[in-house]
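A, B, C and D are the chain letters, set down in written order, and residue numbers restart from 1 in every chain.
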Amino acid sequence: MDDKTLLDTSGLTAALQRFADERDWNRHHSPRNLMLALVGEVGELAEIFQWLDDDAAMRLRDDPARFTHLQEEIADVLLYLTRLAMVTGVDLNQAVRDKMVKNAIKYPVP
Amino acid sequence: MDDKTLLDTSGLTAALQRFADERDWNRHHSPRNLMLALVGEVGELAEIFQWLDDDAAMRLRDDPARFTHLQEEIADVLLYLTRLAMVTGVDLNQAVRDKMVKNAIKYPVP
Amino acid sequence: MDDKTLLDTSGLTAALQRFADERDWNRHHSPRNLMLALVGEVGELAEIFQWLDDDAAMRLRDDPARFTHLQEEIADVLLYLTRLAMVTGVDLNQAVRDKMVKNAIKYPVP
Amino acid sequence: MDDKTLLDTSGLTAALQRFADERDWNRHHSPRNLMLALVGEVGELAEIFQWLDDDAAMRLRDDPARFTHLQEEIADVLLYLTRLAMVTGVDLNQAVRDKMVKNAIKYPVP
């Protein structure tokens, strides 16, 4: 299995770069700006779960408006994380693959 | 462009499911547990940047030990985010695609 | 210096307890709910700083609307943190004092 | 009730300023650095709760080592939050009092 068989973000990174280029946003996308923006989105994601018990958290799909909101916040976290990887020079596909290998060694199958 | 041309997490979601199954971890992976674990990893990622100025944050690649740490923390955030999407029933590829479309409408090219 | 000379949250903890009692909110204030709510507020606080350079971040006082927003988000983080300490049985004043002592040992004056 | 009857952080802010002065740390304590450091500590706090059910989260006091860890992480969040308020010019006592008044209006006693 090569890196992209596990995860392929190449289309997304190209689309995000084009999106930033077209809007002249690269100058705003410093690592620390993106890090803080990521934290903002993680906060919005956490708010979805804050007053739910575990059962209700599992049944968000049953409420279309909240489920759409959940989808959007999860996507926002991924978008900023991908962008943070891009500007710091991290190959997200390889990073994920390397971490999966490391986790498999750290937590062997019992 | 279909969803998986933008982003393809299908190999990763299969690998993460197998990883959890083999270790009997599914019972620990409630949405709220995964949300808190995600916050923990975001905190570790933020710590990398906390005392750096913008220039130093852009040059993490020049320090192999710190860059490996950066790669691992970015990967950890992605792994928990993917797992959170899985257990809440969110199709990450479609969610990202939908959000990119929404962002393109919200922020038209000037 | 006793604990309350350093920090005195006794009025606040009494006010927060009364506030929760009067609204029947204690049943919502589990540690994990409060932790997630705290993350939500930290996200809102981070958003204030996400696109600012360090100079602009220092001059938030010059913009009354944004400064009021900053005051509110900082307060929200403190309120949930205090409440989290309360429900887990942590004496915030003593915890802060103990940590200050520990920090003074860990980071001696050069 | 005046501001300091609700919350009195005056001793703590003085101690934190002296601590930073003695170690020449003020130059590191920009708002954004402190914000990221705060996120790091919130992440460490979240990790304490990530695999616990609500019952176990309520019983952290029964485990002295984990309870000490909880106390320290709660204190760390408060210390960075107080320092962030200091460098941005926010009066924490007044901010908390104003927010309590606002919350009482927003959520009237039923």
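Simple rule for what comes next: a contact is a pair of C-beta atoms (placed from the backbone, for glycine too) under 8 Å apart; a residue touches a chain by one contact, two chains touch by 3 or more.
Note that this is a predicted model, so its numbers are computed, not measured.
Asker: State the pair with the higher C-beta contact count; candidates are C-D and B-C.
Answerer: C-D
Asker: What is the distance, in whole Å, between the centres of chain B and chain C, each centre taken as the mean of its C-alpha atoms?
Answerer: The separation of the two C-alpha centroids amounts to 28 Å.
Asker: List the centre-to-centre spacing of chain C and chain D in whole Å, with centres computed as mean CA coordinates.
Answerer: The mean C-alpha positions of chain C and chain D differ by 3 Å.
Asker: At least two partner chains per residue is the criterion; list those residues in chain B.
Answerer: 32, 35-36, 39, 42, 46, 49
Asker: By the document's touch definition, which label belongs to this structure's chain graph: line, ring, star, complete, or other?
Answerer: complete
Asker: Can you tell me which positions in chain B touch chain A when the two form their complex?
Answerer: 1, 4-9, 11-12, 15, 19, 22-24, 30-32, 35, 38-39, 42, 45-46, 49, 52, 54, 57-58, 60-61, 67, 70-72, 74-79, 81, 84-85, 87-90, 92, 94-96, 98-100, 102-104, 107, 109-110
Asker: For chain A, which residues are in contact with chain C within the complex?
Answerer: 28, 33, 36-37, 39-44, 46-47, 49-51
Asker: Hey, which residues of chain C end up touching chain B in the complex?
Answerer: Touch list, chain C to chain B: 32, 35-36, 39.
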